[in-house]
Each structure stands twice: as C-alpha cells, then as structure tokens.
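As written, the chain order gives the labels A, B, C and D, with residue 1 at the start of each chain.
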Amino acid sequence: MSDLYRELILDHYKNPRNHGELDPCDAHAQGQNPLCGDDIAISMNFSGDDVSEVRFTGRGCAISQAAASMLMELVEGRSVTELAELPKEELLDEIGVPLEKNPARLKCALLSLGVLKLALHRAKGTPLPEEWAGFEER
Amino acid sequence: MSDLYRELILDHYKNPRNHGELDPCDAHAQGQNPLCGDDIAISMNFSGDDVSEVRFTGRGCAISQAAASMLMELVEGRSVTELAELPKEELLDEIGVPLEKNPARLKCALLSLGVLKLALHRAKGTPLPEEWAGFEER
Amino acid sequence: MSSITSISALDVPRIKSDFPVFEERFDGRELAYLDSANSSQKPRQVLEGLTEFYEHSYANVHRAVYELGERATAGYEGAREKTRAFLGADSTREIIFTRNGTEALNLVAHAWGLNELGPGDVVVSTVLEHHSNFVPWQYVAERTGAEFAVIGADGNGELDLEQLDAIAGRGRVRLVAFGLISNSIGSVNPVEALIGWAREHGAVTVVDACQAAPHRTLDVASLGVDFLALTGHKMLAPSGIGVLWGRQALLNSMEPFNLGGEMIRSVTIEETTWNELPNKFEAGTPPIAQAYGLGLAIDYLTRVGLERIEAHEHDLTTYAMERLAGADGVSVLGPPAERRGGIVSFTLDSAHPHDVAQILDSHGVAVRAGHHCTQPAMDHFGISATTRASFYLYNTRTDVDRLVEALADVRATFA
Amino acid sequence: MSSITSISALDVPRIKSDFPVFEERFDGRELAYLDSANSSQKPRQVLEGLTEFYEHSYANVHRAVYELGERATAGYEGAREKTRAFLGADSTREIIFTRNGTEALNLVAHAWGLNELGPGDVVVSTVLEHHSNFVPWQYVAERTGAEFAVIGADGNGELDLEQLDAIAGRGRVRLVAFGLISNSIGSVNPVEALIGWAREHGAVTVVDACQAAPHRTLDVASLGVDFLALTGHKMLAPSGIGVLWGRQALLNSMEPFNLGGEMIRSVTIEETTWNELPNKFEAGTPPIAQAYGLGLAIDYLTRVGLERIEAHEHDLTTYAMERLAGADGVSVLGPPAERRGGIVSFTLDSAHPHDVAQILDSHGVAVRAGHHCTQPAMDHFGISATTRASFYLYNTRTDVDRLVEALADVRATFA
C-alpha cells in the first residue's frame, strides 16, 4: 500500500473534523484544483483577531479532504494575522507523508490552505501573496 | 568544385539563349521560387499548334538561369500540346547533373519549366496539372 | 472475441523488449503501463533513429544548400510522405505538421472557423469530446456569433443521433467536429452517420483521430471527412509533433494561422503573400526531428501491423471488462467491448480515482485518474473523475490481472 | 579585440568533441559548420539526456499520478525553472513553452494584439526583422485597423532612430517589436533607446531574442521589456521548442491563444474558464522532452559560460571580417564587428549566393544563402539574397580560413 495512505489520513478522510458551513460567517472562500476537480469551501468566524470557528465542506480525493480536516485543527483559536502567514510546511508536517516528489498530490494537499489564505486575505483586505496567486482567480 | 557547375551550365549561365521578351505575345507567365527569390518570365508566340518563338528573362542562381536557357532550346518548334505534357525528366537530362538529393536546387532547376507550363495551360485554357500546382498561385 | 481470425497474434514479449522502460523495476516489478491513451512509451527504434538523425543529419530544413541540410530536409519531408501514406491522403501538400493534436484542431478553428462563421451558423461538437475538440469550437462560435451545439449521449456514452434534427433546426450547420474514439470512456463514434448528416447539410467535418490513429488503420479518402487531426506522442513518436490533414481545396482557400518565416511567399513593408501548401501553415522552424521521429513510429506501427494491434487491444479490453465485471465495487463506464477502443474507465465505490491511481502506482500499475480533459462527458455521467486503464501493443493480460489485484488492495485500504 | 580580458578562452577542441557531427568526414574533411544562426548542432549531453529521459522518465505531464509521470513532470517543470533562471525572470509562471520562436511571437500577436489594437493605434516593427517578428505585426495591424510602422535603417544596417518622432506622429504607439540581433546581417540593435522610446509612449515592448539567447547573457529584469521570445534549436536544444517570457500582469490580462486540454480551469457546455499561468497558454500535451532538452542545453551553455562564448564569437567575427575585407569581390553587409553578433553576411560580385553556398558545400563549408527570412532588409540593401556565415562555440579560425579559401574557388569557377 502506498505510504501516502497512513492510518491518520484515512481516519481524517473517513471522519472529517469541523465539517460543515457557517452561515452567516465573517470570512468565506472556495477553490478547486483544476487538474482533478477537488473542491474545498471554508467558512470562519472571528472573535477579535482570532478565528473562533471554522468549518469546511468539499469533495475530492482522500489527500485533499484529509488535509482540509487536519487544517481545521491547526486553525481554530489562532490569530488571523498569524494564520495569514501560516507556512505550508506546518500543514505538510501534520500530514506527515512525503509529497515533494509528487507535485500533483502536493496541490491536493495544499488546496485547503490556499482557500484558507484567500478567505483570510479577503476578509482583511490584504493582497494574496504571490505563492498563492493561482487561487485568486478562482 | 561542385558537380553541379559543369562547363555547359556555366556557359548557359554566362551566355543565355533566347534571352529577352516578346511583346506582344501569345502566351506569357512569370514565377518565383519563394525560397531563394529566383525569378523567371517566359513569353511565346505560336504558329498554329507550334511554338514559333520563345524568350525568357530572369534573375537568380546559375542553376535556375542556365536551366531556363536550356529549356529555350528544347521548346522552339515543338507543339503546344506536346510541351504541355513535357516531362521534367527531359529538362533534367539536358541539365545533366544529379539533383535528386537536393530538393532546393531541384526547385531552381525546374522553375522555368513550371513557368512554361503555366503559360501554356493558361493560353490553352486547360487546368495546370497537380504536379505544378504551386505555380498557379503565384 | 473467440471468432476465428486470420490475423496472427502479436509477439508481445518481443515488442516489449523494444521499450527500454520495461527493463526498469518498479518496487521489484515490471511496470504495468496502462496509460497509453494519455501518452505512449517509445521504442528503441524511434529513440535510436532520433539520436542518429541529430548526430548526422541535423540542420534547418528547406533553406539549406549543403549536405547536412539536404539530409535533414529529406528526413523531414520523408516523414511527411510516410504520414500521407499512413492516412491514405492524396498529396503531401495536405499533411501539415503541428506541435500536437490540440494545435491541429486550433488551426482549423482559427484559420477556418474565425473567418467563415457568423450569426445563423451552427458549429457542432459532442458531449464526449476531449476539451481540445470542444473548447476551440465553443470559442469560435462565441467570437463569431454562431451557435454552439453539442450532441448528447446515452447512459452508455454512445452519441444520441436523435438529437441531430433538433440541432439542424437551430440554424445552418457549418461545421461538425467529433472524435473517432472517446479518450475518456473508449466508445467508438458512429462516423458514417455523422459524416452523412454533416454532408447533407453541406457542413465541413473535423475528425479528432488522436485516439484512433495509434490503434487502427485510417483512410481519409474512405472516411470522407474534410479535416483530421492526430498527435504523435500517443503513437510511439516523440512529444512535440501533431498532424493536421485537410482537403487541399479547403486548405488552399484558408487564411494562414501562425505567421512568420517559411510560410510566406514574399514580404514587403506594404504587403505579404503566403507560400503554397503545406508551408503556408508551418510558420517558423518546424519540429524537424519530431516529425522524423513520427515517421519512424509509423514505420514501427506498420511493421507490427495496425490490424494486429487492434485485435490485441480488443482482446485485452474484453478480458479487462470481464475481470472488472467480477470485481467488487467497480463500475465500468461506456459501451461493451465490441464498440470501444482499448480504453476502460471505471469508478470504485469507496475511493476517489486519484486515491485509486495512487495506490495502484505503489503496485507498479500506472493508470490515469481525473476528468481526462472531458469535463462535459464527466458531467454527463454525473461524476467528476474516473480511473482509466488503456492498452497498447506492449500490454498483456498479466497487466490486467495486476490491475484487478491492486484494486482489491485499494478497497481493503478504504474499507 | 586584443584588449586584456579576464575571460578565459574556450577549449574549442574539447567542446567540439561533444558534437558527434564533427566526427563525420565531408569529402575527407571535418565539417566547417557556419550556419548556427539558422540552427545549431546538438551536444552529446543533450542527446544522451534526451534518450535517457524517454527511456526512464517519459509519460504525460501534470496529470499523471504515478512514478513515471512524476519524473516527467519534474523534468518538464525543472526545465521551466532553468529557463526562468537563464532569463532572470521573476517567476516560472512567466515562462511559456511554445513550438518555436515564431509561435512565441504569434502568441503575443494573437492573444494581445488582436484583442487590444484598433484604429488610431500604431504597431511598430523594424526593417531588419526576421519575418516572424514582422509579418505577425503587419497582419494584426491590418486585422484591427491599426497602423503598421517600420523603423528604417542606414547603409550599415543600423536602425535609424531619427524616424521615431515621425512614427509617433502617426497615432498612439501601442506596441514596439524588435530583435536584439539581426539574423541576416548581425547588427546589434539599440535596445535601450528603443525601450526608452516605447515606454515614453506607454507601448508594450516585444523583444525577439532568437539570435541573442544562444550567445549572450540576457536578463529580462534589466532589459525592461514586456515580452521576450527565444527558440531552442538555435541554442543546442532539440527542435520543436520555443519560449515566450512575458510580464505576469500582462499575461494574466490576456485572452488565451490555442484552446483545449490543460489550459482550462473548467469546461461546461455553457462556459469555459481558463487555467492559471503558465498553463493557460500551453494547450494540449506540451513538447515535454523538447523542453527537458532545452533545460539540458541551458545547463551546457551555462557550464561553458555565455560570456566566454560571446568573446569567442567576437574574435571569430573580427577575424572573418578582416579576412573577407581582403578577399576579391566580396562585400560584407552591416556594421563593424564591435556592433554585431557572430554573423557575417556578404555578397560576391560574380556569383549568386546560392551558387556560392553550393560550391562552398563541396569544400565541406556549410553556410546559408538566401534572404534569411528578412526580405524587407534585403530590399533595404537593394539585393535579393546574401551568403551568410555564422559562428558558435564549436567554430574556429580554421573554419574561417576554409571559408575564405573556398570563396576563391567560387570566383575562379565563375570568372
């Protein structure tokens, strides 16, 4: 079996954390991976500068959905400013499987983070960093 | 020195036969080789079904100009019907140097014959054979 | 499939030995490469010929007046002649080398479509098409004010010809574009009916043969189409080469597409005139070595025999469909093996196609997962992606067995 | 040329040994290949790397979820990164792989020009341009109703910048296209002045670097241009690959050019949206191995050092101009060696350039004869063709000597 599908990923895929939608919400964004059609939507509420609540919905492969679920656990309770700068390495460490060799799957893994960045920068009115530029246009 | 430049070719190049223009004339055509800019114009008068007079003008490489000059000698006094079917091998035999390996120079060698065909078929109102189709558009 | 046939079977082990990629071991095993509909592997004969060409016959073509240039031109134009013969075309003037299949189709869309179409006209594609034979038509229709009509399909992924009348009712049918074989589900389209209908309406026909040319004998004369596109990389040739065949009269009447060196007759500041066919459509230095390589690939395919290749793939497809029919949780899309090429697309109940493909990869089984550049077809089936296995001359029943076994592991993982 | 320099000389014999074509004998002699401005020969490092890539890393890119596809994608995208670094561009998103230099220029003409230009606008090219950087602009001007203006040159083939004011008087200058080095006479254009002028008028600048990229260090940031085109086959890479670099903001604002697979984000029957950069401009299966080969060629050039290559070619050019100045009946076109690339174009009093090249060929000297796809430049000089010798890293002074000796034979033949 592939290294990519360790227990934790399958668990998050089968039992996604924070699944759902916040409506109304303080920030929202959606994004797809045009290569494979994976789709993630994230909604958040803020309390002061902190993210008080976060939810996601989506469809797609186990990697993209599990990564989104893991991201939820990283996000809740942290400050918007901090999250706007959240390095992708933090999420990749959490996922914990080697993706460098596999740019296609890396895109799946980072889809939710891109959508999160877009939601945060939109809410703050700040420009999306170049690294995430692909998400802007979606 | 290259095989292509045997004595006869240089002689025709330096002393072209039937050089000039017939005006008025019974048939006329002009053509270029877009690859190298070689240019040939041929004018003819008919007497009955025969070509009574033929002249050419042109500029370009020794091969194209010598071939045109040699063609003049092949043409005069022969019938339009016969010339409209003149196989290119007859001119190539006259030139007498190997050109098969060299499609670029082959085009130079056959430029005058293409122009002749165009002039004859135009005068006769018959369609130019597919083999010479490139000349039609010029 | 067990009918008696005079076509002798392929010697697959011998063929396989021509493809260096099968010497490598993936997790200790030979690669089960089941993604040839995406792009094929290349035989030694093509790769060695290519290197030799670069080493001893390479220069720019057409314009060189020296030995190397003559060799290069002979190689390049020789490939045009091989392609002409391969397609049963009348003249090498009708063979235009492009970058890939997509560019061949875009050439027609830009050079014919943008200039010929207008309001009241109908441009027809099908719901099964590859994006490269769909988006260009959608785009030129929008740019010119023409209608864009799409022939739908039934649950098997077979075109619904009953829709043709309604489409004809929408205006003057000017162009009908369709593929011979669907790349995503493998169905073979009803060519004769479509061409008959298009002709009835005086429409120009564009056939996407990207999935057919590598696997079956084609003959443009008997097909009766106006344009045909194919791509080299799916038929053992290098990447970077495609072909547009078109009827000479049509090509002659068209404006050029890309502009620049080689495609002109004369250029002045005031005016430019175009070169004759095929140069008019080959602007700039062409993919010289890639065309030469396509010629070598055609030699290889012809030597092996396209009929034998087709029969071999049909056997594998039939076998794969039988085995997948018996595999838990697998649903195969598309028509029965009799009416498809060597392509089997399926979904698995418990896992997303990307995850399926990923786990298959860890078993040394290479398949493609995704929408296969056919999103309208995916929408038609109400899904976003499939896993697809596709066969070529180097595949065997063992590859199919490995696919089926690996699928069992996917199901166990996602159970 | 005899100035003291810190640039060490090229080890030409060693370089030559990397190019298999020089092992062959032409009429008993090594080939004096003086046609690299037309297309260059390829080193072993590129050819072997290419074969290895096909043998062990070939699959379609981007969409494959298996080991081979990952290798192929890494190879293809790695080449994009090498190209980015080679050009000093900000981002790999700005690097678009095309079929050749001509297509790179056409991409801008079609996707920017046809959509942005209109009556009252002026599109500027120069009389020295290659047809591929001339005809597309002439064509888009005609299609859009814009004015087409051509910067003239003086008797040396150097651009006449005094004409710029008059050109600006003809309307709103929207686009200025010019080459860095003329391919037919070798003159180096006044880049800074042209770009300064274009910017003053708010015009977009398009630089044809096809003749510069193989021979000199380029840096798009310091050049200050908007688009730059180059072609792989002139710089040791395979045929079938070109590059368009463009500013990201401009590329983002543009419509796509070719349409189809890979360049879309989503396709429905109603509507299609485009993918992000660079995919938006790379429709269909790209020239995968050719891009990889371009990356290998860039590695090779970088290892040898472009500054050393430029110095070496400058030495050969200076030497050739000295020797040709002393040869009977030879007239060299263009500026002095200080203001030219490694290109020497000339006419001979008694013989047509094609005849010259043909006889040189029989001496194992390969040059090009013709208008070099620059008919307006030929018209400017009042001629229809030249004989052109061009130099690259594998050439030597001996090649120049052989050229000059063979020219004497031409004169004798036509005396």
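Quick note on the criterion: contacts are C-beta pairs under 8 Å (C-beta built on N, C-alpha and C of every residue); 3 or more make two chains touch, one makes a residue touch a chain.
Since the structure is predicted, the reported quantities are computational estimates derived from the model, not experimental observations.
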Identify the chain pair with more contacting C-beta pairs: A-D or B-D.
B-D
CA centroid of subunit B to CA centroid of subunit C, Å:
44
Using the average of all C-alpha atoms in each chain as its centre, how far is it in Å between subunit B and subunit D?
37
Separation of mean Cα positions, subunit B and subunit A [Å, integer]:
74
Multi-chain touching residues of subunit D, meaning two or more other chains, are 63-65, 69, 264, 266, 354, 358, 361, 369-370, 375
Which subunit A residues reach two or more other chains?
35, 105
Work through the pairs of chains, note which ones touch, and then classify the graph as line, ring, star, complete or other.
other
Interchain contacts (touch definition) - all pairs:
A-C, A-D, B-C, B-D, C-D
In the complex with subunit C, residue positions of subunit D that touch it
20-21, 24, 26, 31, 33, 35, 38-39, 41-42, 47, 50-51, 54-56, 58-60, 63-69, 98-103, 105-106, 109-110, 127, 130-136, 138-139, 148, 150, 231, 233, 238-242, 258-262, 264, 266-269, 272, 283-290, 354, 357-358, 360-361, 365-370, 373, 375-376, 379
Which residues, counting only subunit D, touch subunit B once they are in their complex?
351-355, 358-359, 361-362, 369-371, 375, 378, 384-385, 409, 413-414
Name, in rising order, each residue of subunit A that touches subunit C in their complex.
1-5, 10, 35-38, 59-63, 105, 108
The subunit C residues in contact with subunit B across the complex are 62-65, 69-70, 73-74, 77, 91, 93, 252, 264-266, 275-276
Considering the complex alone, what residue numbers of subunit B touch subunit C?
32, 34-35, 101-105, 130, 133-134, 137-138
